[in-house]
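Chain IDs A, B, C and D follow the sequence of writing; residue 1 opens each chain.
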Amino acid sequence: MDNEKVSRIFSKDKFALASGITLISIGDGEASASVNVEEKHYNGVGIVQGGLIFTLADFAFAAASNSRGRTAVAVRCDISYIKPVKGGTLTASAKEVSCGNKISNYRVKINDGTGDLVAVFNGTAYRKDDNNGN
Amino acid sequence: MDNEKVSRIFSKDKFALASGITLISIGDGEASASVNVEEKHYNGVGIVQGGLIFTLADFAFAAASNSRGRTAVAVRCDISYIKPVKGGTLTASAKEVSCGNKISNYRVKINDGTGDLVAVFNGTAYRKDDNNGN
Amino acid sequence: MDNEKVSRIFSKDKFALASGITLISIGDGEASASVNVEEKHYNGVGIVQGGLIFTLADFAFAAASNSRGRTAVAVRCDISYIKPVKGGTLTASAKEVSCGNKISNYRVKINDGTGDLVAVFNGTAYRKDDNNGN
Amino acid sequence: MDNEKVSRIFSKDKFALASGITLISIGDGEASASVNVEEKHYNGVGIVQGGLIFTLADFAFAAASNSRGRTAVAVRCDISYIKPVKGGTLTASAKEVSCGNKISNYRVKINDGTGDLVAVFNGTAYRKDDNNGN
């Protein structure tokens, strides 16, 4: 099973594109995405806005959770902010924690360019009964 | 106490600006923000990307948590998605749940243009010892 | 629709019973439970253990989420602790935030005997396809 | 640094004791706890009550977060239920995700006697300025 179809769908995500976020890889139960921090990503006090970090993590989570052959929709997600981000490249790596018949869980770590952990994200998805082609 | 200074800081949030998000109001322990859904906000399957909804809610939370005279930084946030969004105007309303000496909690409801609840968000902040001018 | 059957099931919850937790009321999409703080509820530093407060809230959430005619199983829950509890009676009130076909969300407020909010809880449930008799 | 003092405090946790929960180990930034499932731990439909699993995880989290020389108080915790538990021994292992000056984060995995993951827990603590003797 390759993940061509999921990759195609995610490459058409307009909010991710507008935010400069790129899908790096997608495999069975995992995915990664990255973003190069730009001027437009800062908040009013000069650090990277939490919404960008969440969007990056959520994107990796969505790709990973849709890699299992059925459409998965986000039910609930949380993010813990660990280190303020000033610049560089951020990478989000999503890994599967569990994949039941109806519910799946993913853990996403977000690292900066020096490898430091800047945030952790946990996503829960509901799995539809369809076949999404993967 | 007005919240002029906080308003000023939030009006300079570049990621919110780039995402089309506007601060509507800010009061003691509360704030609201809105966004008109545009083409650039959609994900790969034609519904509004979760990252936009989170960013909207997080923005209202950040404004509300910084309205209390001290700088508040986000520690942990979660969002539950209730109804897929196809378009229209989204409004996020943040209200204070608690404001202790070090930790404060906010609840944010996100509604669409018909008044339907599309998501709920809970944000926890750490309050610094400074005076942020509000 | 009364909620007799759900009440019956919840009155047989052995961990709630062992913990001194009582179901107070159950209605459509809501429920409340309470506990009188006893010596056995304290942690090692003399305040009420967080696990008891969670168990109380979770019990009210479970009753509320099972009041809608189908079995609901907890998927994910979180609790924010607001005020340390030294004693008295704790009451948890669960209210429905959303009830979709597959996923429902509940908010539970936990108050002490003076009416102060001591914690807030958010529970997400998956709804099975059965008919649970309510 | 041993963790004798923290061990002593946690061995006096009355709700953990009443629930049959035992601290297994405590080290720098980590701790584990276990419980043998008994009749009193079941809910009204014959599976182990979520409150017990949360209490076990929370206990390991509290021990781990207090192993760093300062008192840490729980701010917010969440749990995702992965597999229903019917019996046997449950073990919770808490590991540090981050430990900042004011806020620390822990991840707790809860496994059953066969090694299966039954739940995951994320705890956020606020660190006081004291010296707790560890």
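Basically, a contact is a pair of C-beta atoms (placed from the backbone, for glycine too) under 8 Å apart; a residue touches a chain by one contact, two chains touch by 3 or more.
This one's a predicted model, so the numbers in the text were calculated from it and none came from an experiment.
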Most distant chain from chain C by Cα centroid: A
More contacts between chains, B-D or A-D: A-D
Taking each chain's centre as the mean of its CA atoms, chain A sits from chain B at a distance in Å of 20
Indicate the whole-number Å distance between the mean C-alpha point of chain B and the mean C-alpha point of chain D. 32
Where chain A and chain D are represented by their mean Cα positions, the distance between them in whole Å: 28
For chain B, residue numbers touching 2 or more other chains are 75-76, 78, 80, 124
Going by the contact rule set out above, which residues of chain D touch chain A in the complex? 78, 80, 82-83, 97-98, 100, 105, 107, 117, 120, 122, 124
Enumerate the contact residues on chain C facing chain D in the complex. 8-19, 39-45, 48-52, 54-56, 58-59, 62, 73-81
If we count contacts the way the header does, which residues on chain B are in touch with chain D in the complex? 75-76, 78, 102-103, 124, 126
